[in-house]
Amino acid sequence: MYVKSKWDEIKISWSFRVKEWKFILKRISESPLAVTGIAIIFGFLIIACLAPILAPPQGPDPFIVPQDIEIATLTPNPTPPSTRHIFGTTDQQYDIYYACIWGTISAFRVGLSVIIIALLIGLVIGTLSAYYGGIIDEILMRITDIIIAFPGLLLAMVMAITFPTVLPLDITLLTLIITAIFSLTLIISKSRRKLLLAILAVFVGDLFLYIYNPIIIPLNLSKLDKVLISLALVSWPGYARLIRSEVLRVKSEDFVEAAKVAGCSTLRIIVKHIWPNTIYSLIIVSTLDIGSIVLTAAALSFLGIGAEPNFADWGQIISRSRNWISRPDLLVANYHTFLIPGIFITLFVLGWNLLGDALRDVLDPMIRRR
Amino acid sequence: MLLLGLSENQALLGDLHRIIFSLNLNTPPLFFLQIKMVSLLTYIVRRLILLTFVLLGVTLLIFAITMLLPIEVRAMLYARNYQHISPQGLRELAEKYGLTRPFHEQYFTWLSQVLQGNLGWAKSSSQPVLEAMLSRWPYTFEIVILAAPIMIFLGIYLGIQSAIHKDGIIDHICRILSIVGWSLPSFWLGLLLLSVFYGLLGWLPPGPISDELRQIRDSSLFIRYTRIDLIDGLLNGYPQITLDVLKHAILPVVVIVVINMALLVRVMRSSMLEALNKPYIVTARAKGLDEKTVIYKHARRNALIPTVTLSGMLVAGLLGGLVITETVFAFGGLGQWAATAALQLDIPAVLGYAMLSAFLFVIANLIVDIMYAYLDPRIRLE
Amino acid sequence: MAEETLIEIKDLVVRFYTYAGVVEALDGINLKIKPGEILGLVGETGCGKSVTSLSILRLVPPPGKIESGKIILNKRDGENLNIVDLDNELIRKIRGKEISMIFQEPKAYLNPVYTVEDQIKESLLLHRKEEFLMRALDSLKKSGKETSFEAKIYERMLKKPDSILTRFLAKLIPKKVLDEEIRKEVINLLKSVGIADPERVAKMYPFELSGGMAQRALIAMALSSNPLMLIADEPTTNLDVTIQAQILELIRQLRENYKSSILYITHDLGVVAEICDRVAVMYAGNIVEVADVYKLFKSPLHPYTKGLLGSIPRPGQEFISIPGTVPSLINPPKGCRFHPRCQFSMDICREIKPNLVEIEKDHFVACHLYQGELKNER
Amino acid sequence: MSANALLQIRNLKKYYPILGGIFKRKVASVKAVDGVSLSIFRGECFGLVGESGCGKTTLGKTILRILKPDEGNIFFDVPQDIIDEIISLEEKGSKSTKLKRLREQYDLSTFSGERLLRFRRRMQIVYQDPTTSLNPRMLVKDIVAEPLIVQGIARGEKAREMVIEILKKVGLSEEHLYRFPHEFSGGQRQRIAIARALVCRPDFVVLDEPTSSVDVSVRAQLLNLFKDLQKDFNLTYLFISHDLSIVECISDRVAIMYLGKIVEFAPTQKIFKNPLHPYSQALISSVPIPDPTKRRKRAPLMGEVPSPVNPPKGCRFHPRCPLAMDICKKEEPQIMEYEKDHYVACFALNGGMSHDK
């Protein structure tokens, strides 16, 4: 295999990675459960993409569920499925079909963004904790203990309630924190003195700016955003622990030591040697967790903390049924208000869980085989 | 390893799964390898240190979060009649309850009150926090004590069957059931069950106890020995109360079992499969033992180690509050109370609840450690 | 003298149906094990030595399957059994009783949650229960307690071992005398494998034992039923040389005391020279040469055996290595599986698989080089 | 010692702490390497032999400064007069700044940070198991080129050329560049690991049981490769192994280690023909000889290696030693030159006399 240009080289080095993924996909496609999972997720993806066609928005914000004013004037009670509203309406005549279709997008948004934020926080904390060990590890792990010790659902509730709607995002403070973390890692890794000095200079300049003229950007958060942020803040400790144990596992392997002997800096060891070897476990766990996160978000909505009452979100529709818990006749009469969105939630979560389970069956032995 | 702050909600079970996944099953966690010979006393002392630390941390965290609220909103929480209050009145209230003082002073004031045994007043239920928690706790306990044995037994049994018949029909059914069970939203399952068994059939009503029996229970003749109606009914000679409580608890118990069992089945299955692949199983077979002994004596004992640990943590997590299940069935336990308190931003109540769950977290960890040491001779507590 | 054999393996084929493809682990092997001898089975990783030993006990793990062939066991009472198509109930009576096995990593092969005593006791109760019941009854008689409740239970266990009531009673009631008898035997066994303080070791869990000690415990367990044959699957590979020397010495003594045959599997030619009477050399799922140990080391015939002997480090000499690597057994080379690495390979080697032929008395080789000679002589 | 020593270590100690108690304090330590002095000559292959857990791998890694020693000096390519000066200053118990400065400049055991990283190019290691010592998610080209890049020797096209050159030297070729380690057989993987170790052209390589995870027939190939490479690159080896027969064939000098201490070292011929320490004798006699006609009846060494947490007092071998005397239980024997170039630590050799006299 002779390589002519840089581009060829990139192509060849990637073709092996693509081959690996093809192999994984082939293994997955042999399990009927996994195929079902993928089919479900694809189905939801298609619904999400075609939402504007399936349920044309009637206002400027497509996530606001349209209200059928005509019936609303007649009765406040829900109406069962009919040709006009194929999934029926809730009380105050919100269209369930519309909410279910656009709710798909909300579900993807919540699941993916919570996972990404939590993974990022977990990656930083877990890696620092495992790689440096000692007192840093002790402090960071005790912090995760504190968050884990409190039932996450309630903590998320309190956070989502108390979180301000307008978040003053302080850019200067943020850069200050980032430079601080960066220079700290450089100090610990004992290398690149010049770069370290430069970063310290930035740090001091930034500090100056922060004291005299901070740049603050106000961020407007919707209720769903608040739920999203609080869920991420509650669920990162789990990832931090997972990543910590993964990094510890990889760290003890000979090839990391060999990289040290070769003269690699700490940063290079973490980024080039340790992280790529933890990727499979992260993929498995995050796939399995997307479903769970959507469930928790729905549970928060059910308790009355989630999205606004007219926002297209599955949990929000179901939460309307809470009023009839002690009224058996209404519970039966209005079955459609919770049955249909519930099926959407269950299928969505099931899809991710099936996929995650299959991924684990395929990838876990690959991790262990090494 | 340390993981307990679970409600019955699956997202937090995800945490557990993460931990189980990251643990190499059947090998003791790193924690134990570092300290092989530790006296039980050292263990307890270490856990107590952790407890104080976690208690302080959790309350500090909640305190800090509530500080995000504007001072007026917080003052409003103290107002008796908050619809008719002037800005002037709010300022006075804030002054009166020390809300204008620095954060740490407020926290230490609260802390010194707690050290004197005063957890504060729960506005959401118009009771002192401690009393509120004591009166709610038995309902949660009733559900957990009924659900835990069923879910652990079924989980272990199905897990073993699934592993023995790997890739057979039984295995497929168990796996599908467990994945579906895991994917069900508990509130939705609760609503479905309610609409069928209460709405359509009228058999199993929500709430912890029927109204007429509640009157008997609350009368002065009924002595509340344990505060747990299930037991007190029998002690007082009212078996109908016990039966009624059982009837009311069926649906919540079903929800808890269906959802939590899924995790146990998965963990038991994978640890059983792992145990069956171990070299000592070859030895057992080469000895001439029959398959039943190989599975139930040699493999099961080893596979139980992670599962029992998980069960311990699950049960403790359930005791900490079944927020959603209790809300759906209006069962009036700790979880429902805490959820109401959180919704109304009843800060003293949330703080009290936080301390309780942190306490349960640490105690459950200690119990799990001891169980681990009991099951696995490689870990010895002296 | 009539040829006596204990075990005869005839045309045994074992395949593993793995995800990557069908692994032809054993490609029709033939092997005889004589009573009382130590037969060494030598080969490199993945050549099928362990599969051979597991096939003898019919313990080939899935996805492996014994496809065809016979394994004939000649028992002490003259009965001949074909292990390959014995039913499960009967094969269990052979495992651990007639044929025992010890393994490479003794600590992993002991169950971590039971003590050494528990595990040896289990073997004793499985194969020698009646003997111990008699002993317990005797000792009860001696102490004049033959009418005690305990004695009645033992009698019942002897007479009606399968009745449900007996089983129930046996589970329920403490059997002190029986336990004591078994404990004595466990201690004796441990002593006989050279453990200095058997009482203490008996109460230990596997993780508390050193590798050598665990191997001794495993050997004690294997010998508990006085088997006809002991299969030793690389028993000293992970042990230190001084401990290896101790275990080899022990195995040699045991052969004299117990008169069992031993199938000794190893990749270390030094150990073979040290302990075996006869040697079978395996390569890629085939047996390529079988001979007396002196003959094999003095005049090896098969090119692979020659290469193997040449690659033993000898001070002052160059290392002679076999070029290339061991082939994958998923698509093994056609014909003789060694031909791609063989310096004498001929056209016929690429096409036809050579059979194992007796060149001299008790010296078998599977190589076309010598089959030609044989034909010429005829 | 001889002037052409490339590496000289003196009284090297490495203890691993055992944590315990409420605050996980150190309660005891595993004395993995406990006062080892050695010198390795330029261009030789120095064999280090011992049973598992005797600390031979720890010693190798401490010399490479993968582990930080608790005590002792490591001099790598330092002029003899400077070593002598440091030693004499240390023996005086001096705390002068001169000693400190000298040590910081020359003693590898004090190096840290950037300086240590740069020093790595001169000393390398080949691990026992190539499946774990090669990053499974990197291509061969990246694995082998990494030392070049991080040491700033070469990058891009030049690095590529150097990688191909070294791969050819170890018996691989250009077509192997774009493959992952798991696509190779065990022997080939070990070749990749060797290529990575040699790509920076180090002077000194620690071979940590490099052949124990490969098959017999492949082992000989690798051993021949080591010999060839030693000639081509003028390398000095520290060959760590538990297999005495290999060490006998490949090493020029051999040291035998027992429980963190070196009990005997001498040129290979001498030590195998005439081992002096009772442990060496037992060890060498327990190696099976691949010749059935030379079967020997021997009394194997009884007992097992004691725990390195609480090694026996006095001579560490005395509980298993057939020649143990009273003094062995009380005092630790010092390593002394018994014959020319033949060093032994045993009281029995000088008639049970204490070294103090």
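A, B, C and D are the chain letters, set down in written order, and residue numbers restart from 1 in every chain.
Here, a residue touches a chain if its C-beta (ideal position, glycine included) is under 8 Å from a C-beta of that chain, and two chains touch if they have at least 3 such contacts.
From a predicted model like this one, the values you see are computed outputs, not experimental measurements.
J.: What chain is the most remote from chain D, judged by the mean position of CA atoms in each chain?
T.: B
J.: Looking only at C-beta pairs that count as contacts, which pair of chains has more of them, C-D or A-B?
T.: A-B
J.: How many Å are there between the centre of chain C and the centre of chain D, using C-alpha atoms for each centre?
T.: So the centroids are 37 Å from each other.
J.: Roughly how far is chain B from chain D, going centre to centre by Cα mean, in whole Å?
T.: So the centre of chain B lies 54 Å away from the centre of chain D.
J.: In whole angstrom, how far does the Cα centroid of chain A sit from the Cα centroid of chain C?
T.: For chain A versus chain C, the centre distance works out to 54 Å.
J.: Hey, how far is the Cα centre of chain A from the one of chain B, in Å?
T.: 24
J.: What are the residue numbers in chain A that touch two or more other chains?
T.: Expected reply: no residues.
J.: In their shared complex, at which residues does chain D touch chain A?
T.: 61, 64, 66, 112-114, 117-118, 120-121, 123-125, 127-129, 131-139, 141, 146-147, 150-151, 174-175, 177-180, 193, 196, 200
J.: Residue numbers of chain B touching chain C in their complex, please.
T.: My answer: residues 278-280, 282-290, 298, 301-302, 375-378.
J.: How about chain D: which of its residues touch chain C in the complex?
T.: Interface residues on chain D, with respect to chain C: 51-52, 185, 187-188, 215-221, 223-224, 242, 244-246, 248-250, 268, 272, 282-283, 285-295, 298, 300-302, 304-305.
J.: Give every residue of chain A touching chain B within the complex, in rising order.
T.: 33, 142-143, 145-155, 157-159, 161-164, 231, 235, 237-239, 241-242, 245-246, 248, 281, 284-285, 288-289, 291-293, 295-296, 298-299, 302-305, 315, 318, 321-322, 325-326, 328-329, 331-332, 335, 338-339, 342, 345-346, 349-350, 353-354, 357, 360
J.: For chain C, which residues are in contact with chain D within the complex?
T.: Result: residues 44-45, 210, 212-213, 240-246, 248-249, 267-274, 276, 293-294, 297, 307-323, 325-326 of chain C touch chain D.
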